[in-house]
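In the two complexes below, subunit A is the common chain; its partner is subunit B in one and subunit C in the other.
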Partner chain A sequence: MGRLVWMLCGLMAAPVLAAVPQDPFGSPMWEYNLSRYLGEGSRVVHDERVQLVVPPFAEDSAQVPLTLDLSAYPGPVQQIITWVDLNPIPHLFTLTPGATQARLVSLNFRVQQATTVRAAVRDADGVWHIGSAYVDAAGGGCTAPSLTGANPDWEQHFGTIHGGAFARLPGVRYKFSVMHPMDSGMVGDVPAFHIESVRLTGPGGDAPLLTMTLSQSAAENPMFVFELEQQPPYTVLWMRDNNGNVFERRLGEASGAES
Partner chain B sequence: MRSNRIGMQFTASALALAVSYGANAVTDEDIMNDHMTTDDVVSYGMGLQGQRFSTLDTLNTDNVRNLQPAWAFAFGGEKMRGQESQPMVKDGVMYVSASYSRVYAIDAKTGEELWQYDARLPDGIMPCCDVINRGVALYDDKVIFGTLDAKLVALNKDTGKVVWIKKVADYQAGYSITAAPIIVNGKLITGVSGGEFGIVGKVEAYDPNTGEILWTRPTVEGHMGYVYKDGEAIENGISGGEAGRTWPGDLWKTGGAATWLGGTYDPVTDSLFFGTGNPAPWNSHLRPGDNLFSSSRLAIDPNDGSIKWHFQTTPHDGWDYDGVNELISFDYEDDGDVVHAAATADRNGFFYVLNRETGDFIRGFPFVDKITWAEGLDDNGRPIYADGGRPGNPADVSADKGEPVLAQPSFLGGKNWMPMAFNQETGLFYVPSNEWAMDIWNEPVSYKKGAAYLGAGFTIRPVNDDYIGVLRAIDPKTGEEVWRHENRAPLWGGVMTTAGDLVFTGTPEGYLKAFDAKTGEELYRFNTGSGVVGTPITWEMDGEQYVSVASGWGGAVPLWGGEVARVVKDFNQGGMVWTFKLPSDRVAGN
Partner chain C sequence: MSRRILGWLWLWLGLLGWALGTQAAELRYQLEATPVAADTWVVEGSTGNFSRDNGGNIVNVAFIATGAGVVVIDTGPSRLYGEALRELIARTTNEPISHVLLTHHHPDHVFGNQAFDPDTLYMLAQGRQALAREGEAFADNLYRLVGDWMRGTEVVVPRHTLEPGVLTVGGHRLRLLEYSGHTGSDLVVFDETTGVLFASDMLFYNRALTTPQSPGLMIWAQELVALAELPYTLVVPGHGPVLADDSAFRQMSDYLTLLYQTLMAAASRGLSPSEVMNLPLPDRFQAIAGSRYELIRTTTHLYPRYEKAALELLSEQ
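Here is the complex of A and B:
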């Protein structure tokens, strides 16, 4: 894959102040959300190697799969921030990698209306590399009551984690889901109730493999996928919601040594 | 030059942060001295003894008519229901809880919200008596409260973010928490609700910084208490020595005695005073015996949860006369000797004065107009049961239910949860009380986890045409009712009194009212828009005296009040906190 960096700001003979490149999707929220999430005056480039994959049309506006594929991105990644331009709370997640680079991140999210979705990857020089995608949708995903909440017994399965670690050559793929209503706080009489923090920690325990903060755009019963370049013997998954509930589980054992 | 300036800015802002943090942290000393400091309210009860007495006299009988609303704050949402909270104030910020386990931080000067926390409650919560909460505890940089699904939650006081959460008991077995926890010398103390579901009551201490449990003390005879060291439970004695002394068979295993109203603390005797609720089930014929420690006041050692003494107001209760009502420590002189006493106005209609060092009975007397179930109290304060005062045993008749009786007070009590206040200047207790009766009968029942465990049917009715509620000024030394103020609807809000000779309380009709503490004359009223069933507070800010109270009709009366509905059916729900102040230019009377 050749170098397909869109250095639009360079092409447009921009003034000395770092100008923001034009949005190929023409979203009305482009500049506003850039300064909101990346900071005023941040250096921004479009970068096709930040590959953001969403379906062309959201069959279910409350469950839209998003995959961020960084396999073509040369790295190293300092931070990843994703957002959904036209959602009431656009921010989806902020991910900070540890020593092992994340090559792929996947998470299902909600869309309130047809919208552009962004992933911004910060490099070692502080430049943000933006990947964009567009998802068409009937909408309403953020303000529809959760299916979990409709079940009076939801607490019985609350916090149940399914998932594991799967060996990759090289590296590891973590895939897990957690039963959580992830209430956005935008449904009448249902307060915001969602997972705010996700952390993966290796055997050392001190420096996390990655940390992630989530906002209300994340979907109910979220499914996470992380692909890391190296596999630790085992990993502890730790999540905490805004009510202070903690969900913890070990992922994988020291078995995939042959890779 | 440039980097130097940045460095200086950093130092200055770091210092400002440190100073503001230090000024805002709530210390053990702040809490222990809360009854003497006028610029904050950092304990439930306006002092750990629970006197609800303020030494402020800026606002007094001469100028209370000039009291003006400063701001009102809506809890919002469609979740209204009863607002029984007592607000707290520290460094210009009010912390107040609301129905459905919500907590708010509000700028006390402007009424603007700083943050809000909504607990996400499961659908299966089982509060018996409305989805209320009575208040928060403040400690260090945390705001701590109990939820309807029986958890303790600690929030950062500046952000409202959860610091820790701890499950105290299983809500699916009927437990919940509605009372305000209290902080005593670095320990967070809480009780539990759920006496209608055959739970076992308990008092527990937690580390307020981490939520780790420190000790647990069951309030039903036969259950083991524990202290915790390094996460390990160490046996600390069975409550009451052994099972079966005052309970038949296995009934102690589901004996109730819920500690649902929290407690007070007395530094003179280093004792926690917690009351306990009704024994389960309501049908007393199933459990002959005194049923310890139901319907009692317990003096508990805050260090390890040991029971120092108990005083049972209604042994072998058959009327749902919970003994939870607050035990307020106070001193008085008797022939030149200072008596360390404590007083409580019980659901059962009697007012008790106890020696708070020993739990010995000093005196007791009815504070309501009529008591049917007992003829009086003996020398030890034990009730002398009236013949025919107890509902009949269903086993004595062939029908499904036993012989009904008319009992007075009703099970909602001569006084219920709403705290009374003690004025150090007048030496009087101001008791929010009610005059009502009930028809009650017993039925067979067996325990099923999470189901109501009553074995009784009942209906409440007023005994007077024109009033149910009576605010009473009671002399604890003589039993005299010094004055009374009658109210058409039942009183369900707490009372607060001041050195300005004022008594404040609210009414279900919506009024915050102020009375002359000596005469009972009504000096002020303001309608808050919905029934007041919260507890007022007062404090001083920028040289002006403030009064705050939560407004929002609800609680047990509309749910359980029976014929009382005739009086209260038109009261609308709400959910606000109202704040009043005496403007500095209106301090002079007129």
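Here is the complex of A and C:
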């Protein structure tokens, strides 16, 4: 009798499960985070052209490099959402491209324990293409105090921005860092204090080149890399943190050429 | 009936004893002292990485029976290792241990300290501070990497501060040199009596160098130039085989230069850290144990400085 009930349950569950492909990494958070970030019943496929690159292990749990390389993905991309399955707040960033496509995005994140990491790319038909990777870690990256905050004169450097533009054929790669503690809010008595919006805008630009929203999984003093398929004459970088501080800088022009 | 129960009991006890016995036998370092010069032995570790198979025995330690006491150079990765080392020394020479010189604060070199008389432990001032500051975090990580081998291991900061200069013990005149390239405070011991250079982790051979606390690749490379000029007859690297020529110096210099050039070029092209971690390594470095693994670590430790230097300060408009 018990077996029969299980079989019936299995039959009823089968069509629902078939909508979501198996997770090759077998993460317990796979389906939960899919419906949490992409919406219940979203169409999802694994796609190797969504290349998510993280190191096999985190040498520093508070600074784990992540690069999302979409150079093999045919596009166009409607939206990108990334998350870290086993972090207390899994969401890392959501990126919406503008008229020019983002070919590559990179930033560092924190890990609380060994985990799978996901990048979901939505195509024009509303299907999400998933790239996955796994990083081993000693952990504790989200609940470790920021090094910036521990430094008594951090406020002097707060908001300092370094940047550069690097030629790519075709296109441009922007790279910039901002001194910001990016407090996750998970360390005793330190409220969440982090950059939550990043926007790049070209000349004449009400329509941004890209918009990114960030969550607490992003690492402190973040270094961002964005590679765009076309190079605008100039680009304005705009960022805002959850305390209302706004940072605005003009990004330079790329010299030289590299394909 | 009662005999049968008794029989079972004996069987179970026997099995239990056997199980415990094999477990204890598994966690035993097989250390060997290799004579390399007069009064001098090296205990060579593997060129692997910390693992549950090797218990962290990836390091070279050494000892010199000076006639007025044994000088030990480094104590290994765990209490268990330290104890095995002490037994090995006692089997090899009748002299008591007078000095234990700790070369730098990395866990594979100082976590055997517990096994030695605290009054014999010596370390450079900066190294002692670094061990006091970072030892616990190293211990946590090592428990994770090698597991039970670490059982009972605690950080012991050496009682005595070592000054660079000449230390004469018995018939051996030891020149103590302080460098910084590997961890900020790196002791090198040159035995002027035998010509043996105990380079510790200033020198890796056939094993990729590690950079968690390195002040900079080129600082390290410059210090190696000075180190290579010592009139040595034999070199004991911190990791990798003992050798009589300058191959280890040449390999290190080559590798440090490669890393420096790779990071510089990557930063000037705007590469992300993930891209640097996956850059191809020249064939001659593929054979060096752990080269990819350590490139990933080195990128984490050092690449941010190169990245920052390749960017401009953007001021507000």
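As a working rule, the second predicted complex is superposed on the first by the 234 of 259 C-alpha atoms of A that agree within 3 Å, B and C clash if a C-alpha of one lies under 4 Å from a C-alpha of the other, contacts with A are read in each partner's own complex, and residues count from 1 in each chain.
Here is the rule we go by: a contact is a pair of C-beta atoms (placed from the backbone, for glycine too) under 8 Å apart; a residue touches a chain by one contact, two chains touch by 3 or more.
On a predicted model such as this, the values are computed, not experimentally measured, just so you know.
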(message) Quick check on the superposition: with subunit A as the shared anchor, is it clash or fit for subunit B versus subunit C?
(response) fit
(message) Tell me the contact category for A:V54 with respect to subunit B and subunit C: first, second, both or neither.
(response) second
(request) Could you say whether A:G26 touches subunit B, subunit C, both of them, or neither, answering first, second, both or neither? (result) neither
(request) Go through the superposed model and pick first if A:G205 touches only subunit B, second if only subunit C, both, or neither. (result) neither
(request) Look at A:N242 in the shared chain and tell me whether it touches subunit B only, subunit C only, both, or neither; answer first, second, both or neither. (result) first
(request) State whether A:W154 touches subunit B only (first), subunit C only (second), both chains, or neither. (result) first
(request) Name the contact category of A:P74: first (subunit B only), second (subunit C only), both, or neither. (result) neither
(message) If you tally the residues of subunit A touched by each partner, is the higher count for subunit B or for subunit C?
(response) C
(message) Per the contact definition in the header, classify A:G188: touching subunit B only (first), subunit C only (second), both, or neither.
(response) first
(message) To be precise, I mean the smallest distance between any C-alpha of subunit B and any C-alpha of subunit C in the superposed model; what is it in Å?
(response) 16
(message) Considering only the defined contacts, which subunit A positions touch subunit C in the complex?
(response) 53-57, 59-60, 63, 65-67, 104, 106, 108, 138, 160-164, 166, 173, 175-177, 223, 225, 237, 248-252, 258
(message) List the residues on subunit B that touch subunit A in their complex, please.
(response) 77-79, 102, 118-120, 122-124, 153-154, 161-165
(request) Over in the complex, which subunit A residues touch subunit B? Could you list them? (result) 152-155, 181, 183, 185, 188-193, 242-245
(request) Using the touch rule from the top, collect the residues of subunit C that touch subunit A in their complex. (result) 140-141, 144, 269-270, 272-275, 277-278, 296-297, 299-301, 304, 307-308, 310-317
